[in-house]
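Look for subunit A in each of the two complexes below; its partner is subunit B in the first and subunit C in the second.
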Partner chain A sequence: MDAAISGNLIDLCVVAMLLLSMLAMTTTRIAQLLNAFAVQSLFLTFLALVVADSTGHTELFILGGITFAVKVIGIPWAMRRISVRLHAGREVDSTMGIPGSLLICTILIIVAYLVTEPLMATLETITRNCLAMSMSVILIGLFMMVTRRKAMAEAVGLLMMENGLFLGVISISYGMPLVVEIGIFFDVLMVSAIIGIFALRISKAFDSIDTSVLRRLKE
Partner chain B sequence: MTIPVEGILLIPVAAALLSAVSPNSRTASAVSIMGSAAVLAVSIPICMAAFGGTVTEYGLWYVDGLSSVFILIIGVVGLMSSMYSYGYLSHDEEHGEIGSKDIRQYHIMFNMFIAAMLSIFVVSSVGIMWIAIEITTLVSAFLVGFYRRNSALEATWKYLMICSVGITLGLVGITLMYASASHILGGDPGALDWPVLFGAAADLDPMLIKMAFIFIIIGFGTKMGLVPMHTWLPDAHSQSPTPVSALLSAALLNCALYAILRFQMIADVTVPGFASVLMIGFGMLSLAVAGAFILISKDIKRMLAYSSIEHMGIIAIGFGIGSPLAVFGALFHIIAHSVTKPLLFFSAGNVIQGYGTRDMGDVRGLRKSMPATAFMLGAGTLAIVGLPPFSVFVGEITVLAGAVDAGMYPVAVLTAAFLVLVFAGFTRNIFPMMKGEPEGEVKAPRGVLRMLPMATLLLITLFLGLFMPEIMSDALWSIADWFTGAT
Partner chain C sequence: MIDLVLSVIQAIMMIALAPLFAGILNKAKARMQHRAGSSIFQPYRDVAKLMRKSENISESSSWLFRFIPYVCFGSMLLLSLMTPFFSAYVAAPYGDLISMVYIFTLYRFMMVLGGLEGGSVFGGMGGSREMMMSVLIEPSLLLSLMALAGLTGGSTMIGDIPRELIGMGAIVLTPALVLAASSFFITLLAENSRVPFDNPATHLELTMVHEGMLIEYSGRGLGLMDLSSMMRLMIFSSMFCTMFFPWGIALTASPSAVLIGLASILIKVLLVTLAIALIESYLAKYRLFRLPNLLTASFALSLLAMISLYIL
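Our next item is the complex of A and B:
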């Protein structure tokens, strides 16, 4: 593939991932949130494929394949089923309004650029500009976990953080050794399974998956 | 005959499988105890060889002196905890709180938890180490949520969420380190192996390593219980079954500490002094906040959990000071804390089961109702606050001496002041429980398998405080010299 085209495709995927993170911050429905996550993972898959093709790091094809199977298909499907079983309500409550959240997202993106600027100079990969985007996606995911009240939305925040992390792994070093990467994927799968189990238990015990009921343990 | 490293990992996995097929809860408990004893027995030759300077390194595995200290701790604490589990869970079963199926599940998870923790210390790739640390969170989540009470669920949810975020940030740090290393080592697939990283440390990019270490200390520090990322810890420790609390405190926190130490060694070579500031800073903050919370705690297990944060703080300060003396003290303190804290948790477990409450204000007349437990709790309290002749005293005084020796007087003075605060908190909370008359009926728990681990731990902490065996001091000194680059 032409270097310019692959460069453009990489930029497209990365920008799309960041925009989807911001979109996820504005949604008020679980189903939309899961869609945003699935589409974001789809762009991550594309990114892995484009980078694999243009740099010759063939193990990234495998990484892309696993991402597609686990994050685009598997996890969103399972979480949709759980949320139907929980009658999770369609609303995603947040402790902060949408305009305020978006404002903070913008600040987080600026912070991510400031933090990663000195690092970008030291790297030589073609994708190094993605580092700031990757950090932004991680920070926005963290922000989502902090502000959302529903168990499902917190879990999606964690998964989006992980998407940002993989974006970072691909962009600064064309992926880690394959054993480690497969292990990490296996791990993501386990985390979501176990979070699903506990979300079910919480909804049974408290009659709600609103995690603001989980505020009783203190001194 | 030497048993390879795989043996250490296979035993707990086999024990987990055997407890899954055990006909009753008694057999499952026996399997856990024998499995833990076997792990300890098998790891001793490998660890002794490592202390003697022979590094076991082949395939995926890497065991040196530093990892051996932690492996032996897991062995001892695992064995004590599996013994105590038997009496503790039988008591709950008799009172109808749990069924024998729950006990079997408990033992499966218990052994998997041990296996996951051990694998952290024997692998050479930091990537796989990360995976193993994450697996410890996932497995132990089931143990923390063992009692399906609402409060236990809340603790589990916090534990899962906060530690998963922490560990994700830790992975960002590992990625940055890998980026720097793969830049130098080219496409070497071993660029994530710790010995390779450590060997190349001098050539790594200082900017990347600084950034990486910040992410690593925040990420793994979450799991280690450093303030302000500690908020999951008191909840998880107080809500889980008592033998699990002991394991969390004396074994799990060490796992994250170990990961931080490995990266600190790399960072100390690449950017000398950078990691020290962060370690001392987080350590001081942990010590201060934990001290304050110990003073105002009402729940006995929460107080012990804050005490773990405090000791992790002291250990972080010791490694942060970075002189051989301070590092020696910190290494010794890891061992001292890991043998003393389970003693306190086990005593607390007896009190909680006897009185049916965790509130220290509601417990009176302990000396009359449970004299043996009262003795253990009293002795354990004196040991954990760092009074001579117990081992924690030796650890603390060596770290303090290290701080003075390195000219860090403010660090030494503040640490000493916070230790006084902790002393006040513990005596104020624990000793009033001994006096007076017990109100209402006390179901004093009995059993050899309860008292045996407590007596053993008390003897170990007393013994280590009085005499340090030469083999141990030699081993710790050589690790300390190696850690600080003195050799």
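Our next item is the complex of A and C:
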């Protein structure tokens, strides 16, 4: 593939991931939130494949395949089942209005750019531009965990942060050793399983998965 | 000389075709909703009939009320000379993107004044809603056009942008272009008071925005206002087609280039029209207080387009 075109494809994938993070900030439905996460992971898969193709790092093909299986299909499917079992309602409310949180997201992107700019100048990978975007995806995921009130939405925020981390790793060094990556995927799977169990327990104990209820005393 | 002739011809074509595309939009919408719909030439007949009718003017209005339709129509005439249609030559070479945005703002301001002048409650409500939206539309419109100018090397001259974009080849498909185009499309819907922002089919409803401001107009004034709002849609869609996706536009004055340019722009504008019809059939009008969400999203998109010019 032509270097300029693969560079363009990488840029488009990264921006799509960032946009989906922002879309996840604006949604008020749990199903849309999970779709946004699945599509974001799909773009991450595609990005890994393009990078693998244009740099010859073949283990990224494997990682792309695992990302597709785990994050595009596995986790969203499992979370959807949990949310059906919880009967927790379709809404995921936020402590902040949508326009305000979008503006904070753009500020976070600018901060991420300012922080990573000196580092990006020293890198020599073709994906070095992605570092600022990966930092922004991480920060937006964190912001989502802070502002959202339902346990499920916080879990999606955590998973999006993990997507951002994977993106950052690709952009700095074309991925970590395969063993480490597989370990991380296992971690993610465990995290989503634990969150699922936690959410079930929380809803059983408090009749809601609203985490702000947890602060109240209960006998 | 030939470029001046071409640009005048394309301005006249845009004016002449604006009601046709409005008619196609209505027809496409009707077919998608399983209605027969009126003929695609109906807007021509409506405007012609309104032009012949006498005006009935509110007693509480002043001279400004009669004056406003001409200002609105005049500003759209000026913009049609400034917008490229099938060729990249434009008759008003001193106008650039920034002046274009503010001529649109002038149009909107005059329309709001007209709504207030009539002295009816609907006019005032429509005007206040329009101004609320205007505050949010203007920055995102400006930023998306600025991002486009930044992408092509800093020139805000309208005639240069299609030329530069085509000259860049496949590299031009950067995130900045895609983001700016999607932000511009949202502002296109907002600025032309289409569904989710306003319902163009309604003429007597508490929620109307654009039609509320026109409610006191009749006869020739209403005809001119209708014609200029159709022209505004036409100008916006040809801006979208020639500046963000300029491929096919005639860069030289040779007959073959002009023919290709004409065919490609007609197909592109038709596609945009059908897309608007699809959106209008698929979505319901949003509540007024949900509009800032969508407009902030458009602002965030254009800001992101601007930032991505520096990051990527």
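To be clear about the criterion, the second predicted complex is superposed on the first by the 215 of 219 C-alpha atoms of A that agree within 3 Å, B and C clash if a C-alpha of one lies under 4 Å from a C-alpha of the other, contacts with A are read in each partner's own complex, and residues count from 1 in each chain.
The rule is simple: a contact is a pair of C-beta atoms (placed from the backbone, for glycine too) under 8 Å apart; a residue touches a chain by one contact, two chains touch by 3 or more.
Owing to the predicted nature of the structure, the values given are computational and were not obtained by experimental measurement.
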### Query
In the superposed arrangement, does A:Pro118 touch subunit B (first), subunit C (second), both or neither?
first
### Task
Once the structures are superposed on A, label A:Ile138 by its partner contacts, choosing first (subunit B), second (subunit C), both or neither.
first
### Query
Just subunit B (first), just subunit C (second), both, or neither: which does A:Ala205 touch?
first
### Task
Considering only the touch criterion stated at the top, classify A:Asn8 as touching first (subunit B), second (subunit C), both, or neither.
second
### Message
Let me test your reading of the model: by the given contact rule, A:Ile98 touches which partner, first (subunit B), second (subunit C), both or neither?
### Response
second
### Task
Identify the partner contact of A:Ala48: answer first if only subunit B is touched, second if only subunit C is, both if each is, neither if none is.
neither
### Task
Quick one: classify A:Thr26 as touching subunit B (first), subunit C (second), both or neither.
second
### Task
Check the contacts made with subunit A and report whether subunit B or subunit C touches more of its residues.
B
### Message
Quick check on my understanding: which residues of subunit A belong to both its subunit B contact set and its subunit C contact set?
### Response
none
#### Entry: Contact set on subunit C toward subunit A in their complex
170-171, 173-175, 178-179, 292-293, 296-297, 299-301, 303-304, 307-308, 310-312
### Task
Under the touch definition given earlier, write down the residues of subunit A that touch subunit C in their complex.
2, 4-5, 8, 11-12, 14-15, 18-19, 22, 26, 98-99, 102-103, 105-106, 109-110, 113, 129, 132-133
### Query
Considering the complex alone, what residue numbers of subunit A touch subunit B?
115, 118-119, 122-124, 138, 142, 145, 151, 154, 158, 161-162, 165, 168-169, 172-173, 176-177, 179-180, 183-184, 186-187, 190-191, 194-195, 198, 201-202, 205-206, 211, 214-217, 219
### Task
Mind listing the subunit B positions that touch subunit A in their complex?
125, 127-128, 130-131, 134-135, 138, 141, 145, 148, 150-151, 153-158, 160-161, 164-165, 168-169, 171-172, 175-176, 178-180, 182-183, 189, 191-192, 205, 207-208, 211, 234-235, 238-239, 293, 296-298, 302
